[in-house]
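Same chain, two partners: chain A is paired with chain B first, then with chain C.
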Partner chain A sequence: MTTNGKPKLAMYWAASCGGCDIATLNIHEKILDVDANFEVVFWPVAMDAKYKDVEAMEDGSILLTLFNGAIRTDENEHLAKLLRRKSKILVAFGSCANEGCMPALANLSPLQEIFDTAFSTVTTDNPHQVRPQTSWTAPEGEIHIPTLYPVVRTLEQVVPVDYFIPGCPPESPQIAAVIDLVVQVLQGKAQLPPAGSVIGAGTSTVCDECKRKRDIKHIKKFERIQYVKLDPALCILEQGILCSGPATRSGCQALCPAAGSPCIGCYGPAEGAIDFGARLMSAVASVIDSNDPKEIDQILDGIPDPAGSFYRFNLAGSLLRASKSAWESKA
Partner chain B sequence: MQRITIDPITRLEGHGKIEIFLDPEGNVANTYFQIPELRGFERFCVGRPVEEVPILTNRICGVCPEAHHMAGAKAADAVYHVDPPRTAKMLRELLYSAFYVTDHTTHFYALGGPDFVMGPDAPVADRNILGVIHKVGLEVGGKVIQCRKYGHTVVEMIGGRKVHPCTSIPGGLTKGITEEQRQEIEKMGRWAIEFAQFSLKVFDDIVLSNKAYVDLILGDFYTHHTYYIGTVDANNKVNFYDGLVSVVDPEGVRIGKYGPGEYTDWIAEHVEPWTYLKFPYLKKVGWKGFVDGKDSGVYMATPLSRLNASDGMATPLAQAEYEKFFATLGGKPVHQRLATHWARLIELLYAAERWVELATDPEITSDNFRTIPTEKPTEGVGIVEAPRGTLTHHYWTDERGITTKVNLVVGTTNNYAPISMSVKKAAQSLIKKGTVVTEGLLNMVEMAFRAYDPCFGCATHTLPGQMPLEVTVRDHTGLIVDVLKQNL
Partner chain C sequence: MPDSQPFEPVIIGFTCNWCSYRAADLAGTARVKYPPNVRLIRLMCSGRLDPTFVLKALAGGADAVLITGCHPGECHYLEQNYKAMRRYLLLQRTLAQLGVEPQRVKLVWASAAEGVRLAAEITKLVEEIRALGPLNWPTGTGAAEAMFASPEQMVVQEVSA
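Moving on, here comes the complex of A and B:
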């Protein structure tokens, strides 16, 4: 592979939806800065290098790898380890790589159940209950597909990670700001933040970015959004709709609440929060207007799906059963 | 048996893989197009409040989350037996039209187009978006970026965010648009119509006026005689957001139309043990394997299918192009897969015209964008046309509106069997006893599935450049006898 002397950049997707790559493309003309300052050596979605080209590179020869997607298959894990070895700086990019994102809700179900569901739906014609086989002997020879692991893992649960860019997907202006920063570092005009930092995001909560007015009002009942007309000027949580703003890291400019929709927590745990769900539960507890345990139970019944509501993006990265410890006990 | 492995096809999300087996004479015996990923949405979307599912299913695909958000919202409306106000439906369709413009544009200029604009066997280094820009002019690159910007601006105005919109809820939307926003949307839409016309002219100048390309399109090489499906409005005109799904047979005869509630009478999915993806087929015809013809339930759902399955386009400029399309290609139905690229541009023009139509409707800025559900939630199906095929979401809930079961038949999945057949036919036509497998040949195999704009788990199509391929030729003992790389 030719080299132009510029620092090398890689971007890879593991188990992801492609939204991180779209958000990166949505920096529009800024992509030219990337081109001017880096040699993009591996970006499967945008250019044409192969695994074996990466394997042939010297260890540590890629300056910066932006890794999006969670670790779902043995192929994902292999690429995470390979890119870790080849990269000086490895960044967990986007919610899947950082905390598992919504696909990690699959960690609540055994793998067998996921297969049984997918291959016995109402439209599936499968009288012999066929399931995909990682290795299958076709009449012409043996063919393979990757193995799905029993749980979805975050990038950091597989390899050491240097920096974390949260978001589902990261907002394009934040991506552009990170690129600016790295370019300045390359030019000696700035320094890298301490290893392990969250970059491309704020240090407070979505509530701090939200323009809606908070009255420290308490609630007696949780509502479902389809049944209420929200006041566009007031705090969504205080109107009885579960909103993840108090537990979620700032950085998105509170886009969803501005559009009349609650924060769903895609920027991950706020600075200092070890477990997103625990932080959100304590925030929710603080708006409940009751001291009577029975009444509190009734109010909480208005949150019909606690696992999905408190760990929508964070299950793989959380302290819950279906995270790293679960993987280690199964491995 | 000797085999050729194409792995990975990096511009398919989740890394598609093709195995080509050769018989002892060196002809293609069989091919397997494998999809190596399963994320289990149908399992983990169960137990969730149904109003969340259109947000969860966005994460199936970050390239076309708009399609999942719309199908999901319509399914959730149906679960609550609620009919959103006209303004809500129009706003959703407006968002969706702007998204279609962006999505189809990117495919033409970045992925599908380079094969035609530059030529299937142009130098590898030129056969990409940069080559296209150099050939048709630098300002075109600026227009493509502008088009993506405009599309995402409208998506954010109505959907709240550029990627993974969040504003559709059972009964309508969480917000409307202001008159100021409407004016901006209309202005961008008028620009998009001109851009779509320009794109059709590019196609006309470069492809249609070149006999070699027209022969390539019309040849047998990329042709399959299958059924076609696509959503149509009450006048049997193509519609992306709402209507009935029209089904036509390989002779172009409409065998029926189905609404969301009837999709299980029409569509079933076949399972193979060597891939994680299922193969949908027409239930009334039956699964007969990977074969063409009227007795095989294999169908296609793409821009070409939608044109074949409809009686026309609902907007005037696109209708004129629709007529020209079938006049040029010898009438309906058109079976030649490469014509999908042209069909996609006609849809691009329709989407831009529809964008302006909706943006200039007097009710689009009304604040009547929601109906609060009053009925008990049960079960509902939502269907939209995703750019890559008919998209069906089906949710069942308990009386609290918590999902108990979810079924999804996703855009590209519809086309899994026909894509597999196209790959096999291309391989069989290209790789014969004594053939030297060349780089140009590899691109011809690519073109077989690139026409479908495949998006397994979605995301294939948005980016510049071309799909890289690597073919390893092995003898029957597994020894590598040759490695061919394209664009490395």
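Moving on, here comes the complex of A and C:
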């Protein structure tokens, strides 16, 4: 592989949707700074590259790897370990790599159920009940496809991570700011933040950035947003719509509440919160306006899927990480 | 552990400084017997009980968690025990989806005078959990990482060959 002497950059997607890559391209003309300052050596979304090219690189030869996606398969894990070895700085980029995000909601279900839903329900035309086999002997030789693990993990649960950029996806201006910082560090004009830092985000909560008016919260009923005509100026949680703002890290300028939609928690736990769901459950339960267990139960019926609501982005990164049935399921 | 030995549950108990902690104290001074499986942690109020504490206990290897506080209407801080109750009810719903049996997290009200009652509740909980068996959450036993294959044996390496 030719080299032009510039520091090397890699970006990889594991179990993810590609939104992180789109958000990175969305930094507009800043992408030219990336090109001016880095040699992109591996970025499957943007350019052709083979795993063997990465394997042939010298250990530590990539300066910066932005790793998005959770660890769902043995292929994801292999690439996480490979890129850790080849990179000086490994960044968990986006919610999946940081805390599991949507792929980790599968941690509520055993593997068998996931396969059954994917291959044997009415939406799948599969008359012979074909299931994927992880290895297959063809005339040309044995071929393999990745194996699903029973539990989705975050990047840090697999390899040591240097920095964390949260968000689903990280907001493009935040990515641009991180790129700016790295370029300044390369030019000797700035210092890298302490290892282990969360970068490209705030340290407070989404509520802190939210422009909506807040009064005292007394919630008598939780409603789904489609059944409510929202007051455009008032706190969404106060109007009985579950909002993740109180537990979620700032950094997005409270985009969703500004657009009339509750925060869903994509920037992950606020600084100091160990378990996102616990922080949010604590906040939500404390503003329920009832002291009667029966009535409290009725009010809580308005949250039909608590695990999915409180751990929408955070199940793999939470303290319990997965449901018992998922832990116990076999690949 | 040999099969002949009964399973001894590890239970983390949270007590309120103003009521249940004193109830436990009273049980002690009155020589009321209860099984030693509960490790009590004193909080200033059951309202201080962040659900994180419960999850951390379960994830760290506890078999059950006992939450105790002042009876409704008797909170030293007016009504924080109601907050504890709401958090408990919400947490139970979430834990159910994660496959944690409801018996494993228990809420008990106990005033400073109810040493005997608290001891009885603890005894009952320990027997219930003993019957239920260990929780063994993989994050607490070190099994979480052991359950994944090591990369050297993984098929994807052959892709590069």
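Following the convention adopted for this analysis, the second predicted complex is superposed on the first by the 310 of 331 C-alpha atoms of A that agree within 3 Å, B and C clash if a C-alpha of one lies under 4 Å from a C-alpha of the other, contacts with A are read in each partner's own complex, and residues count from 1 in each chain.
The working rule: a contact is a pair of C-beta atoms (placed from the backbone, for glycine too) under 8 Å apart; a residue touches a chain by one contact, two chains touch by 3 or more.
Every value quoted in this text rests on a predicted model; they were computed, and no experiment measured them.
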Q.
For A:Gly277 in the superposed arrangement: first (chain B), second (chain C), both or neither?
A. second
Q: Please work out whether A:Leu108 is in contact with chain B alone, chain C alone, both, or neither, and reply first, second, both or neither.
A: both
Q. What is the contact status of A:Glu55 with respect to chain B (first) and chain C (second): first, second, both, or neither?
A. second
Q: Classify the contacts of A:Cys168 with the two partner chains as first (chain B alone), second (chain C alone), both, or neither.
A: first
Q. Is A:Ser286 contacted by the first partner chain B, the second partner chain C, both or neither?
A. second
Q.
Looking at A:Ile225, would you say it contacts chain B, chain C, both, or neither? Reply first, second, both or neither.
A. first
(Q) With both complexes superposed on chain A, which partner does A:Phe119 reach: first (chain B), second (chain C), both or neither? (A) first
(Q) Per the contact definition in the header, classify A:Lys294: touching chain B only (first), chain C only (second), both, or neither. (A) neither
Q) Hey, is it chain B or chain C that touches more of chain A? A) B
Q) Is A:Glu75 touching the first partner chain B, the second partner chain C, both, or neither of them? A) both
Q) Taking the contacts chain A makes with chain B in one complex and with chain C in the other, which residues are shared? A) 50-52, 75, 108, 146, 305, 307-308
(Q) Can you tell me which positions in chain A touch chain B when the two form their complex? (A) 1, 13, 15-23, 25-26, 28-29, 44-53, 72-73, 75, 101-103, 105-106, 108-109, 113-115, 117-119, 121-126, 130-133, 136, 138-141, 143, 145-146, 148, 168-169, 172, 224-227, 229-230, 232, 255-256, 258-261, 264, 266, 304-305, 307-309
Q: Spell out the residues on chain B that touch chain A in their complex, using ranges where they run on.
A: 1, 3, 8, 10-11, 13-15, 17, 19, 21, 29-30, 32, 34-44, 46-49, 51-52, 55-56, 58-63, 65, 76, 80, 145, 148-149, 152, 156, 159-164, 166-167, 169-171, 173-175, 263-264, 267-276, 278, 280, 283, 287, 370, 372-373, 394, 400-402, 405, 407, 409, 457-459, 462-466, 468, 470, 485-488
Q) In the complex of these two chains, what residues of chain C are touching chain A? A) 50-52, 54-56, 58-59, 72, 79, 82-83, 85-87, 89-91, 93-94, 97-100, 137-139, 144-145, 147-149, 151, 154-160
Q. Can you name the residues of chain A that touch chain C in the complex?
A. 50-52, 55, 74-75, 77-78, 81, 108, 134-135, 144, 146-147, 149-151, 153, 157, 273-275, 277-279, 281-282, 284-286, 288, 290-291, 293, 296-297, 300, 303, 305-308, 310-311, 318-325, 327
